[in-house]
Every structure is written in structure tokens, then in C-alpha cells.
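This is the structure I want to talk about, given as C-alpha cells.
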Amino acid sequence: MTQSTFRSLALAASLALMGGGAYAQVRIAYIDPLSGPFANVGEAGLKGFKEAAEILVNQKGGIMGQKLEFTGFDNKGSPQETQIQLKAAIDQGFRFVTLGNGSGAAHSLIDAVNKWNARNPDKTVLFFNYAAVDPTLTGEKCSFWHFRFDANTEMKMEAITNFMENDKKIKKVFIIGQDYAHGHQVAKAAKEMLAKKRKDVKIVGEDLHPIGRVKDFAPYIAKIKASGADTVITGNWGNDLSLLIKAAKDAGLKSRFYTYYAGGLGTPQAMGAAGENQVLQLTEWHMNVPTKNTEKFALDFNKKYPGVWFYYLRVNNMVQMVAQAMNTAKSTDPKAVALALEDMRFQVDTGEVWMRKSDHQAMQPLYISIFSKADGKTVKHDSEGTGYGWKTLATISQRDSQLPTACIMERP
Amino acid sequence: MSPAILNRGRLAVWGGCLALALALPLVLKSGFIISLLCQIGIMAVFSLSYNMLLGQTGLLSFGHAVYYGLGAFATMHLLNAIGKGGGPLTTALLPLAGGLAGMVAGVVLGYVTTRKAGTTFAMITLGIGELVAACSLMFPAVFGGEGGVSGNRVVGKEAFLGFTWGPQVEMYGLIVLWAFACTVAMFALTQTPLGRMANAVRDNPERAEFVGYDTERVRFLMVILSGFFAGIAGGLSALNYEIVTAETLNAHTSGIVLLIAFVGGIGFFYGPIIGAILVTVMQIVIGGMTHAWLLYFGLFFLFMVLVAPGGIASLIAVQRNLWQAGLLGRMLPHYLAVTPPVLVLLTGLVGLIELGYALLSGDAGVGAGDTATRVLGMQLHLGAPGPWLTALAITGIGLILTRWIGGRLGVAWNATLATLYGDKA
Amino acid sequence: MEFVVISLLNGITYGLLLFMLSSGLTLIFSMMGILNFAHASFYMLGAYFAYQISTWTGFWPGLIVAPLLVGAVGALVERYGLRRAHRYGHVAELLFTFGLAFVVEELVHLIWGKTSVDYKIPAELDGTLFSLFDTDFPIYKGFMMLVSVGMLVALYALLTRTRIGLIIQAALTKPDMVEALGHNVPRIFMLVFGGGTALAGLAGVIGGNAFITEPGMAAAVGSIVFVIVVVGGLGSLGGAFIASLLIGCIQTFSVALSISITDVFALVGIALPEGSQVARLTITQLAPVLPYLLMVAILIFRPRGLMGSRES
Amino acid sequence: MSAPAIRIKDLKKNFGASEIIRGVDLDIRRGERHAIIGPNGAGKSTLFHLISARLPITSGAIELKGENVVGLKPFEINRKGLSRSFQITNIFHNLSVFENLRCAVLWSLGYRYSFWQRLASLKDARLRAEQVMEDIGLDKRRDTPAGILSYAEQRALEIGITIASGADVILLDEPTAGMSHSETDDAVELIRRVSEGKTLVMVEHDMGVVFGLADRISVLVYGQIIATDTPAAIRCNAAVQEAYLGTSPHLGNEHD
């Protein structure tokens, strides 16, 4: 309740007509769903940020002697509410915001931040995006005021298809996805890139289903089976992914599933044994990537917050890179911080993260891993207490996931 | 009761409200508050349009967001299509396009839905709402997919009378004007033959048929007109947020507008306005204080359904009637007497819920590992039985006291109401 | 052929589950005139209760106890909530269930968390019942069908062989008459509501582990059961049964049809302009919204539903 | 001579297997006051429901002023100048007495579904509603919600709504049911007054009312008209005597 109490006080303060003031901390507003159906995702993210700020920044001297703090603002997953919460944050003196869940909310926020900065050049705001992966956010809609620390949909597909290029067992591919922008982008990228890299691979089917509305995936599995596909590519997440995998197991479908989101936030639990040796994921990190510090950090985190599993390495990357940018710029002015972040090359546990200047998209090493029985050796840690964990199949270097950008950035 | 006198009084009330609304930003300068007020204005129009169906025509709709959302998308697309060719004046008039879109949607969908009234109507609107919401995600070219459609409300180089609509406070002024115009129009509609026959159809559709009216036609027209105003509200939201996503037309939005209208009071024209203010403020202020706000909200709603189904407006109206009859004095001591036990009960309940939330969901910022949390500003240890027993005891005491004193309130209430309506009848 | 048989099996299994959900809703709606918005919430409660029981005693006791618990909760809701709301009319009742769905979901969040729970299929039922053309048919799906059919038979026996059943049956088609005969006692309402919610609970017990037990599961099926009740016809259990199977099969088979709207129109000789998004939609994409389209069509062409005996 | 106000030919109505109206032939002359009597369950109210299209007919023909009206909706029949009241009070409960009556006159004055005219400015609607309100003696209760009127007042309002539109064929279904003697007397006066110059058809159990008001009487027994004649002739009709004496000892007051 600490932060809630604080927020109600802050709110009371804003109600008492006090504008923003000077604070002895560097504060970042975390605008994400903290109530409603996606609250678990939002809460896990906020815990991650708080923990990362404490351990990776504040315990190491902070930012120019100041503490880095994250404060939650509940946008309830809604693009409109996101804007109201942005206003609330600005009122309370926040100059940095971060958001990750839902490209809708991210689009809303990037628009609102752009407009706010254009209309209030003396009180600019900077937006750190830690998980919204719509390529247009660093493409057509790219903004000087937005930085993305996660690889976008197309980069991830580039990495996946790079991996598939070398797997000559793949002959027939089926693409299934949720019928909305993300699903469309995944399908489009998969088709284009496979056509380039593996002319011999046949796309034997492509299906889109409405998001969150399919209960029984058996008919889709029957179709995949009938198509004879040995590989399935899906951008599905949440229940749409878990149900798909479960239905595949029920029907005895042996194809491999290449996924974006099988690794976290409840999916391993829901998928359970059904995913064994069939489900692959692409992430910037997972528990069984041998790392110096992150493994310990994750274990401590999981112990401290039972039921919340550390998932986002990029949260740690972002916190450290932002802190370094501020320290380098010797300023907490958003524009100065943005300039310092541009072109930054930062060493993390998995290698180098490069923030490309042209579109503000972070480039980082990525891992393809498969859901396997935890054995204490290569699969040292299981995922979400399921007894199954992720086994690395391939590492995609930072360079291999880079794609040209369509971004034409307006710079202040 | 000559119409002229009535209108003069009404004119003063309406004018006063408009002046007050326009003057608010002079006092409340916070950007957050202005955003909140904008939201309230939009929701007021939206929920008033909803009440044209529920309160005035007796049609319970679970798909009203369709009109709102389509209005918003139409406005946004038009805004983008006009682009640089427009100016602040055209922008200010754009919500009208949203209204027309809502109206067209009303013609198409109303044709199907208004064949039935009552529960069947409710189910059909639910189904149609789902259908439209599902389809909206399938056509990214129209609905913008997950990212929605965004635009810039500042168009053209010249200001119109000094307004560009860029600053939020200018947008607020625009919303107030539109909301006021819509409210006047919707009120005027209640005073027309169609508006009155809508009431008649609500009260007794069979009788309405036997005085010459086609009830299906009355419902159909009301859906179309209601779609028009919902569309305007949608258009305002498009201009205000400068982004429209598929969420604006889904079941959640439909549910919220129902909540607002009901909590405010569907039996009174101004009920939904009260609802819009109350619900928006609750959502944002209580939502800012606790993550359990949805639960509080649901419980509050259930409480309203069971105890005050006429909504806040009906509670106000009854008090006013009591006041006019000189009976309010009889009830006041009871109200005062029941307040402390209710507060005790609420404290206990809130304590229990917050403890539960902190323990079971692990509130943000506090790990369940250290099992310490702050409830109502107190540092508590969740593992120990102390806080739980205290909260339970407070709830119990509150419950007993509320039942006891509330019972006496109930007796007095019934007696007073009997006097009030007994005199009248 | 292979595909048809497998799809048919899938469709029937899903349809039977839908029937378990909609039968209770039909009973409640037809008899009490209440559109129980929270019906799917009781389905969810069934799944969570069964999960909780399964963590203590395993799956089988939960199969019996969880629906009974859900029914008891339903009866209490009727007794202390709905009956009070009833005084203010049907709209208030409906709104009460609307709010209830809200509160139940939040309580589930509060008690079991916001992610899915690990409600497993019991080991006895985990495996393959038979293989058909190289596709496995899991034992659990067979079990689901068995329970659904068993419930159908039991319900039929209850309604046609017992006195209370006859009263309920009469109330389905002629509620006024039953009321006039003095049978409209609150106790029957409580019983029907409890019974209806218990059926939803049972569906939850066997649907929860077949699919996923999570707080959004109620919202996911909430509206489809209303569609079934409308399509089947108000007051008709038989209609609900046919509509459930129909919708189960429609959803299954339409997934199989990868043809686009353009192709469909081409079949009847109409050429659609190239390139429009509508024209490019495939039947597969539309599969999950087909039930709603069906409902709209039914309402236009046969407003009383497939087997309905009264108009509203 | 012009066509009768209502002409019914071989009208039948079944509910499932049971025949309720078993071939009714009846002509109601223009301008007459016609009463339909008969024992309970004879189908009197059902006959009204069929004429006014509240229930669909099974077979036969119904003509209103020479025009076939079978298959029309209730509101269409109403617009052709037929208005009816109900045995069970059927009014707009939440609207005031005045609003109830104003609703009843709107269509006939041609305001249809107008949403561009203010009710307050429609002088003719107001005057007409006020006139009817005075006629039915409810002018003191102008702003009272109809739902809280006394029973007799509600019955009066029921009649008021029925006649307000100025329809020239009026069907009254047991207008005095449940009233005390003095209330009944008032109601009879009211009906006599408002039906002046119009065609009136009424179902009534109170024989005092029937024989005091009606020009002609039809007797409906088990779904068939056994006699149609003047009150005097009906009183001595043997078949009527038999039918009535079989079910009730006196041809007198009867309430159900």
C-alpha cells in the first residue's frame, strides 16, 4: 500500500492545486494496467522496475546522488485512460513515463507525448517503451521522444527465420495468429522473410482467429494436421497461446510451435506438460542463459515475490541505460537524456545493447529456446514452477536481428 | 404552471450550469482536473443518450458503445481526411459527423434490434455489440487495429476567434459547448410527441399500439436519435483523446455507460449527468488509491440495485420532496444517527478487502515475502492474526450497529414516505 | 472424410459443453424471466471450486461437490439478492446479475489471483481414447461427452418423471398459468436458480481443466450462451440442445473453410470488387463471429428461435 | 345504406385444440350502442381481442366500415377509427392523467412521430386532452401519476384514453367491472355522454348497465351468437332465457 498511499497523497496535493515541484528523486511514471484482466502483467512489470531501480541503480549510488523511483499509474489497459494518467503524471511533476502493455495504449501515449511536447516545449516528457512491439512505433510513427528497449515484431521474426533458415527439417509451415494488428504483422513478416530465406519451404496454411474468443482450438489443430505442417508460427499470447498448445497436445499434433510469448506471465503454467519439446520461444533472455548477475537477480526476485516470475531482462537494461544516460548528460532534462541515450552502447549480461539513433530502437542479442524438462544441468531452472524450463537452441547476435527502418524522425 | 414561467426558471438553471461549467477552469488550473472534466463532459452526453433508451423508452441495451465508437471513428477519419484543408472551425463542427455516423449505425442496427423489447432486446444488443466489436479488430484499415486511429485536432494555421483547440482547456470549452447543446437537445426531445410516446411505449407498449402508435417504430426512431447523440459523444472523445481504438465500441464501454446511467438514476433526465460525474471521479480517484477499486465499484453497484434502484437522482428527488413537504427535519436525526455505524462498517469492510488484496495478490511495491503492508496508513503485518481480527471485529460491530440503527431509520423512512405520499394521493 | 469425422467429433464435444451451460440459463430465463448475466460466472466458480477441491482430494470428489457448492451459492444469491431486486422489476434483476458477474470476477482475482490456476486433468483420464486417421481423440473429451449426455438424460428424467419437473416444464411454456395455479412460490424459483447455476458449475468442473481455468473464462463464454438461448428459442430446452450442437459444429466446420467471401459470392455468380478487406476475409476468420450472425439471421427470419414456443 | 360499422363473418378462433369462438356472424350498425352479453367463458373478451387485432384470428372475416381489417396491426386498426378499452386497466402508469390523455390524442391530430415540435406548443392536443379530462371528471387530478389513482378513477381514465382520439367506433370491455353502485351510475352517464353520435360496442356483465344503455344486444354463448335484438326482445327471447338460466338464476346483476 505504500505507493498507493503515496499516490493518494500526491493526488490530494494535485487537487490542492499544486503543480509540479522539485523532488530529490528521479521519478518515472509507470503507466500500465494495474487493475482489470491484465493487471497481473502490469503488476509484474512494476515490481520488476522497482526491484531493478533499487538493486541496479540506487544501491550503486543512484543518479547523481539521487534515487531512481517508479510510481504506478493505472491506465486499466485503455488508450483513453492512458492519456488521463499521463496528464495526472505530468501534473505531479513527472517528466519520464514508461509503458509496455498493449500497442493501443502505446500508440495513444506516443501521440499524447508528441503533442504535449509540441504544445509545451518547456515541460517536455520522454517515453520509454519496454514491451510494446508494433514496428510502426519505431517506423512510420517514430518519435524523438520515444525509445524502445524490446525488439519489435519484425526483428523477432527476422531472428526466428534466421534460425529456421538452417533447420533443413522444416518443409511445411503453418501460420496462425490473432486477428488484429500484431497477428497480421507476424503473419506478413513470416511470409516475406521465409520467401526470401527458404524458397523451398511451403506455407501450407494461414489462419487468423478473433482475439480471445476461441475456446476450443481443436478445429484449428485438425486443419493444421490436415495441412501436414511440421512447423507452426504464431504470435499468439496469453490464453490464445495456451489453449492452442493444449489442443495440439490433445490431438497428438507433433509440429513445432515458434512463438513470441510462451515464456512468461502465466503461459508456461497454463501450457504445462503440453508444451514439452514442441514449443519454442524467442526472447532477449531466459532463466537458463548463463549470465553473471541476472540469474541471481532473477532467483532473488522470484523468492521475494512468490508467484511473480522474473521475465523482462529488458526492464533491467532499460533502468541501467536510463541511469547511465542521465549520469552522462549530468541532467534529468528529458531532451538531454534522450540525446545521451541515442547511439548508446551498453554492456549487459547477455552482450551489448545498442540504441540505434535513427529510430530509437534497441538492438540486443536474442535467444531461441525450447520448452524442455528441467534437468538441473542445461535446463537448470524450470519456468514458473512447472518442472519444465527453456533450453537454448540458438543465440542470435545483435547484428543478425537488425533491419532497416522506415523512420524519418523529426528532431527538436 | 404556464409554460413561460417554467421556462424562465429553467433558463436560469441551464444558464447557471453552463456558466459554472465554463468558469471551472478559472479555478481549477490543474491539467489533470481539466482532463477529468473533459472526460465527464463526454460521458455525460454518452450516458444521456443511453438513457434515451433505458430511462425514456425502457430499452435495456448492452451494445450502446457501438454508436459511440462508430461516431468516434467517423470523426477521426474525417479529421484526417480533411487534414490541412480544414481549420479550427471545421474541427469544432466535426462531432456532428460522428453524430451522423451514429445515426446511420442506429438505422442499420436498430432495424434488427428494435423488433423486440425487454429482455430479448437486451440479448440482441449484446450479440450485435459482440459482433461489431469482433469485426472491428478484423478491419485494421478502418479501425486501425490495435493501435487505433489517431489524428491531430490542431488543423490549419489560423486560429478561430483565438482558438486552435490545441491546449486542453480550449478543448474543454468545446466539450462544454457541445455537451450543453446536446443536453438541451435531448431535453427538448423529451418534450416532443415522440419523446412522450417513448415514455408511453416504456410504460405500456400494448396500450400505445391501441392509441395508434407503432411501438416498433417508436423504438426504432429512439434508437436512431440516441445513436446520433452517442455518436456526437464519440466524436468529442475522438477530438479530446486524438486517438480512437477498437475498445471504444466494445462491451466494456457499453457496460460502463449502463453503470453510469443506472447509478445516476434512469428515471430522471439529469440522472445520467450525476452518474457521469460520480462514476468518472470514483473510477479515477478511487482507482488511484487502491487496486481493489473494481471490487468496490461492483459492490457499490449491487448495493445501489438492491437499495436505491432509482439511482442517486431519485435519492435527491425524495429528499427534495421531503424538504418541500417540511418532512426532512423528521428524517435528519436518523440520517445523522446512522452515519457513524455505517462509517464503522465501511472501515471494517475496506480493511478486510485491502488486507485480502495485500495478502493474496501481493500489492505492487510490497512483496508478500515481507508480509508487511500499510492499510489506511498503518503499518501492518499480514501474517499475524491481529489486523485480521481487528478488521473483522470492526466489521462485526459496524454490521450490528448498522442493522440496529438502520432498522429504526427504515421504520421512520416508511412512516415519513407514507405521510408524504399519503398526503398526495 | 477424415477431416469431416474429426471435425464432427470436435463440434459435438464443444456443443455438448455449450449445452450444459445454456440449459441452466434456459431454465432460469424461461421460468423466472431473468437473463442471468452472471451465468458464466457460475461456470467459472465451478471450475475454481473443482480446482480447489482437487488440490485437497483429487478430481473425483470435486465432480460432485463443486456443482453442489455452486448451486448452493446460486440459491443464496437468489434468496438474498435477486428476490429483493425482483421487487423493482426485471431490469433491476438483470442489472443485479450484471453487477454480480463483475463482483464474482473480482473475487476470483482476489482469492485465486489474476493468472490461470493449474487445474489438471486427472491422470486416469489423461491419454488417448482412440486414434482416428492418425488424429488422437483424448479420453477426457470422451468423458466430457459422457457427462454431458448423462446430464441431459438426468435432466430429461427429472423434467418428465417428477412432479417438480412437470411444474417446471409447464412454467417454461406457460409461466402465467403456473403462476395462476399457485405454484409460483419463491421456493421453486430458488430451486430453479440453484439448479440452473449448478448445471453451469458442472460445466465449469469439466470445462475448466479441458480448457484453462482463469479469471477471464466467464467473459469468454458469457455472450455465446445468450446466443444459444436466443437461437434455440426461449423456453425450449430442446431448442437449446439443438442450437448448442449447431453452433458447436458451425464453429468447427467453418474453421475448415479457407475460402474467402469473394469465393462465396463467386459461387452464386456475383463478382466482388478486388482488394476490399471484406472480400478478402475468409470463412475461417469469421468462424467465431458466425454464431452472432446466425442469431441476427434467426431474429430477422424466425424471431421465436428454432424451437421456441413464445415470442418473448 | 353505408356499410355497417363492424361486420363479422364466420369468425373462428382456436387456442390449441379448444375452440373459443366457433363461427360468429355479427353486424354492428353505425351509430348504435351495442352490448354483448353472455356467461363467463363465452368468449366475449376474446371477440374484442380479435376485432381489435390483439389476437390473430383463426378464420373468418372482419370488416370495419366496409374495409377488411384482418391481418392489420392494432395500431393500423386504431388509425382507421376503432378504439378500445380493456377489462384489466391498461393505462400509462408513470405518466400523469393529462399526459395519458395527450398521448391518446397525438396520433389522431396528426403529430405522428414528430420530434421537432414542442408538446407545450401543441394547443389543439392540450385543449383536446383537457376537454376529455373534464368529460371524465379527472380535471382535478391533472398532474397525478396514473398509477396512484383510485380504481374508479383509473377506469374512467381507461375510458378517457379510449375516446380521446375521437375514434367513431368504440369498444368498451367491461367498463364498470369492479365498481360500486354509485360509481357505476357515474360511469354509465359518462359512457352515454362520450358515445354520443358514435358506434359503441361493449361487453358488460351488469345487466342494469346493459339494458339502460344498449340499443341492441347480442348474446354470446360458447363462442356463438345465439341472438341479436333490442333489449326488450332479448329479455323475452327463449333461447337466451335458457342459456342464461342454465348458468345463472337471474338475468340481473352479475359480477365476476
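Lettered A, B, C and D in written order, each chain numbered from 1.
As a working rule, contacts are C-beta pairs under 8 Å (C-beta built on N, C-alpha and C of every residue); 3 or more make two chains touch, one makes a residue touch a chain.
The structure displayed is predicted, hence computed values, not measured ones.
Chain pairs B-C and A-B differ in how many C-beta pairs they share in contact, with the greater number at A-B.
The greatest centre-to-centre gap from chain A, using C-alpha centroids, is found for D. Think of the whole protein's Cα atoms as having one middle point; the chain whose own Cα middle lies nearest to it is B. Work out the mean CA point of chain B and of chain C, and you get 31 Å between them.
Centre-to-centre, using mean CA coordinates, chain C is 47 Å away from chain D.
The centroid of the Cα atoms in chain A and the matching centroid in chain B are 35 Å apart.
Separating the centre of chain A from that of chain D, both taken as means of CA atoms, is a distance of 73 Å. For chain C, residues that reach two or more other chains under the stated contact definition are 109, 113-114, 285, 288-289. Residues of chain B in contact with at least two other chains: 134, 138, 292, 294, 361.
Taken as a contact graph, the chains fit none of the simple arrangements: neither line, ring, star nor complete graph. Of all possible chain pairings, those that touch are A-B, A-C, B-C, B-D. For chain B in complex with chain A, the touching residues are 28-36, 39, 134, 137-138, 140, 144-148, 150, 152, 166-168, 237, 241-243, 245-248, 284-285, 287-294, 354, 358, 361-369, 373-375, 377. On chain B, the positions that touch chain D within their shared complex are 1, 3, 188-189, 191-197, 199-200, 202-204, 206-215, 217-218, 221, 225, 421, 424-425. Chain D makes touch with chain B in their complex at residues 52, 54, 73-75, 78-79, 83-84, 86, 90-95, 99, 102-104, 106-108, 111-120, 122, 143-144, 148, 161, 164-165. Residues 1-5, 7-8, 11, 14-15, 17, 19, 34-36, 39, 43, 46-47, 50, 72, 74, 76, 78-80, 83-84, 87-88, 90-92, 102-104, 106-108, 111-112, 115, 119, 134, 136, 179-182, 184, 208, 210-211, 213, 303-308 of chain A touch chain B in their complex. Interface residues of chain C facing chain B in the complex, by the touch rule stated above, are 29, 33, 35, 81, 84-85, 88, 90-92, 94-96, 98-100, 102-103, 106-107, 109-111, 113-114, 223, 226-227, 229-230, 234, 277-278, 281, 285, 288-289, 292-293, 295-296, 299-300, 303, 311-312.
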